[in-house]
Amino acid sequence: MFRNNYDNDSVTFSPQGRIFQVEYAAEAVKQGSVVVGIASKTHAVLVAIKRNAEELSSYQKKLFQIDEHVGIAIAGLTSDARVLSNFMKQQCLGHRLTYSRNMPVRSLVDMIGSKAQINTQHYGKRPYGVGLLVAGVDDSGPHLFEFQPSGMTEEMVAFAIGARSQMARTYLERNLDKFKTSSREELIEHGLRALKESLVQDRELTVENTSIGVVGYVKGDKEGGEEKKKKVEPFQVFDGQDVQRYLELVADDKKDDKDGSGPQPATVADEGEQMEVDAY
Amino acid sequence: MTSIGTGYDLSNSIFSPDGRNFQVEYAMKAVENGGTSIGIRCKDGVVLAVEKIITSKLLKPGANKRIATVDRHLGVVSSGMLPDGRHFVDRARDEARSWRDNFKTPITTADLASRMGNYLQAHTLYQSVRPFGITAIVGGFDAQEESPVDGEVGNGPSCGAGGKNPDKKYGGPFLYMIEPSGLYWGYYGAATGKGRQAAKAELEKLDLTGEGITLEEAVKEAARIIYVAHDDSKDKEFELEMSWISGKDGPTKGLHQEVPKALREEAERLAKKSLDDSDDEEEEKKDGDKMEE
Amino acid sequence: MAMFSQNPLLNGPNYSFSEAPKFNAPEGAREHRFDPYTDNGGSTLAIAGADFTIMAGDTRLTSGYSINSRFHPKVFKIGGTTSDQKDATLVLSVVGFAADGEALKERLDAICKMYRYRHGKPMSVKACAQRLSTILYQKRFFPYYAYAILGGLDEEGKGAVYSYDPVGSYEREQCRAGGAAASLIMPFLDNQVNFKNQFIPGSGEGHALQERERRPLSRQEVETLVKDAFDGAVERHIEVGDGLQMMIITKEGIEEVVLPLKKD
Amino acid sequence: MDHRPQAWGRPRDDVYGAYDGSYLNNSGPRTVTQSPVVTGTSVIAIKFKDGIVMAADNLASYGSLARFTDVKRLRTFLGTTVIGFGGDVSDMQFLDRHLEELAVDESYEAEPTIDEDDQEAKKASQLNAGNIYRYLQKLMYQRRNSFDPLWNHILVAGFDSASKPLLGSVDLRGTSFTSPSLATGFGAALAQPIMRKYAATEEDAAKLTREQAVGVIKECMKVLFYRDARSLDRYSIAIVTKDGIELKEDEQLEKQSWAFAERIKGYGTQTV
């Protein structure tokens, strides 16, 4: 087989100007189970499929709170995600302590972007093997960002990463126009529907394997009279029985899928159940 | 390619027998795959523009800026690997800040270009790093008037930092382009990325060195050039992002700012119109005077 | 040699600057040392009840004879999930040097928040009390000049008050007053909360006198005691006044009340 | 006499003593500011219904010497916040430089937000007076913790995250507090009682008109000029409202009356 000489480290360009190690790291993201994020004018939600290593084992954690106004969803190497998440937590805490405000989500994401980029330019380092969806609110509103191992960070209206996430993205693209004005519940519903698209056949969303994270603004608190400031609904993760009522929203099966999700995708190459991926 | 298989292209800072550093050349390949960026230096300011290929419909429109502010009067745009571009900007901001710390005055465009040229060059010297996969265009407007140093105290001569010749003109618009090798030149019109050939051809048609064009004209030209350089057969849709810098008495008051929405839309409208017109012409002529690639 | 000098005083015995008294000679010491501390006055008070705790403090901030601010709270909710402290279960009061007090509050709050994040439950008063002592003692040689009182409900739901000195010595108490008017309020509390020097009338003479039976006070009684204590302190201490801030901790949550005090 | 060329033009050791180079000595403990050198006196400020008025005179004193008479002690931040400095002038310049850096950082984030032309949202995402007040408190407290204080007493005026007027004070020890009216230095004793007559509480301050507030501040500046020996009759005044900042840096105290001076007895050459 042709031996690729240019893929041994992240400091070597291929003749085409590519860096294979970074591209391989991006593959690790696709090994993780799918996560979906959507942002509206008032909220940002993350939904995720949790895997369990075997029937009787517990389910992996996919959503993490960073600070009261930010949460992340991960796909890829959990341990790399933990490093990033701890870093983000520190940054948010420091920012709140010095400025007494929510750290702007974009600055936060830029920081991990820069951190990840360094790993792609120095010998002896490797790129992070994890992709993130970062959802948060700050003084300028709700935001959703995607973070890639290359250090690329982009603000999205909605996005999905992880195994078979293309199907979810297709769903999101089809419903793109609706998100901006969606309510909190509608946003979660869209998220779950997108998630459903990515499921392998015969798999269902259950209270065991579904996680939902929400952050946003609460409708005007009238306590302070002419209180103009929007109040933040802190990032919160719902698991287990707490997701039941949301699952019921999308339990209506295919028949009610009025947008016509098109032909059900055939089973695609499996989700690559590697132990180290998305597992503790 | 001749370089492949020779073994001289497998790591940075290695010369081939004919004196080339292949890794730097490969880095330039990464640049050539990126969206087109251009910069125009006109008589009263600088315009930067970039073609942002929309890689996904799910991207939030207008949210992901590619032109960055480095100091109040300095802007940077780059083509190539986006994360490397961010690194470049971070470093440039550090340089601008430390210059302010040391000299109590904003860094000039030339000095920033020099510092950043050195930084990129340093990344071609060692096997432990790789060159930057970007070519960056740095635009700035160096202040022409004296600025107070440190909120001057006292009734001393109001001559600012001093050391300036009253007859000489200082400051003005400047434009530089820095390549992965660390090489940089000053430009009147600079272009890099995918559509650089077409963009360069268009830039050369403008009168930038003589009488010069106005900032507003430059904005419109920049938009048109990005539209011309865009290859709709290969690429999907794109978003145009533009920024400008004028002097103290110009529209941006010496600051690097995004081109206002209204002006950008007007420039885009004119760009599209001129494209349509030239398409019509081409159909008439039939023989088509295509840009040599 | 001194003939070159224009100064007539220098004629005669030569006056050499090298022998001149040095600026930093002991007797000429004029070094202006920075004092990192100041006392911002004010008073705090905490009383534990059977199933509640009341923490209180005045809201005046002074330096010397000046009133800096008439509303500067000294009593803080601690360790809620979010910065608005909506679900907090603990209350900290600090008095002394205000900047240190605030720094201490923020340290403890951050620690409680991390604890909640890691363990998924709020810190108990007992654990938090121990932790606060450690924080204070860690700065034993550059102390937080703040008298802290921590209040909450213990594992059995009883009111708990922990009081501290600036370097971390602490104990759990039924009640405690801190700050400028502590010496005015404390004896009053001894008498009114712990019924010190209260005897059953006619129970005897001298040693035969029987102490009045101690019983837990109701929330109403305690609130009245707090108000009376501060009204008294305001009357007799110039650094106390302007507003009375009270936090009432019950199993339902924390209730905050601000009442006016004399502003003179 | 020492005829060596290196001694030319130097004060003679035998007359003036050997040169004391001890200040160049860099062994021994590092020394930091132990006292302020060139100083500015009071800064005063009062809230009114749509904002805050702040003022400080233009004098920087070197001890009792009126050293610099056109020093601007009110500085603006991002066109939304006014910061007034009392105390050491070089530390003020340090802080001003520091805030300038912070403002440049803010100019990086020119990102539009939810709607591309939602300027309100962009403004909201920039550092406001509340954030700056907090930031300065942290900075001053950190410096006092390292026994290297910035010898200033600072007033911050602007709007907080809830868009309410904010007036805060931070001193060299990091003590910070807010109040409807504030004054540093002598102002705390001379101006604060006058200001409190008009704005004892937040409610009172919310009833003051802009003209009334400016009037009170001018009155206070006059009293300070009468009674504070380290003050000047040229001053700067800033008015912060939601619409921005109006900063005038070369005002002259008007309608001074020194008639009262004649009634002061027991000083100088006066004999009766």
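So that you can tell them apart, the chains are marked A, B, C and D in the order they are listed, and the count of residues begins at 1 in each.
The criterion applied here is as follows: a residue touches a chain if its C-beta (ideal position, glycine included) is under 8 Å from a C-beta of that chain, and two chains touch if they have at least 3 such contacts.
The model shown is predicted, which means the values in this text are computed figures rather than measured ones.
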Chain pair with the greatest number of C-beta contact pairs: A-B
Farthest chain (mean CA position) relative to chain B: C
Centre-to-centre distance between chain D and chain B (centres being mean Cα positions), rounded to whole Å: 41
For chain A paired with chain B, centre-to-centre distance based on mean C-alpha positions, whole Å: 33
Averaged-CA centre spacing for the pair chain C and chain B, given as whole angstrom: 59
Residue numbers of chain D (touch at least two other chains): 111, 113
Multi-partner residues of chain A (each touching 2 or more other chains): 97, 100
Per-residue overlap in chain B, given as positions that touch at least 2 other chains: 63
Arrangement of touching chains [line / ring / star / complete / other]: other
Chains grouped in pairs wherever the two touch, ordered by label: A-B, A-C, A-D, B-D, C-D
Residues on chain C engaged by chain D in the complex (per definition of touch): 1-2, 4-5, 10, 14, 16-20, 31-34, 36-38, 40, 61, 63, 66, 68-72, 97-99, 102-103, 142, 263
Touching residues on chain B, where the partner in the complex is chain A: 1, 3-4, 9-12, 22-23, 26-33, 56-60, 63-64, 81-84, 86-87, 90, 123, 127-133
Touching residues on chain D, where the partner in the complex is chain C: 12, 14-18, 20, 33-35, 137, 141, 144-145, 147, 149, 169, 172-179, 188-189, 192, 200-201
Contacting residues of chain D [partner chain A, same complex]: 109, 111, 113-114, 121-122, 124-125, 127, 130-131, 134-135, 138, 161-163
Residue ranges of chain A in contact with chain B within the complex: 5-6, 10-19, 39, 110, 113-114, 116-118, 120-124, 144, 150-152, 154-159, 169, 172-173, 176
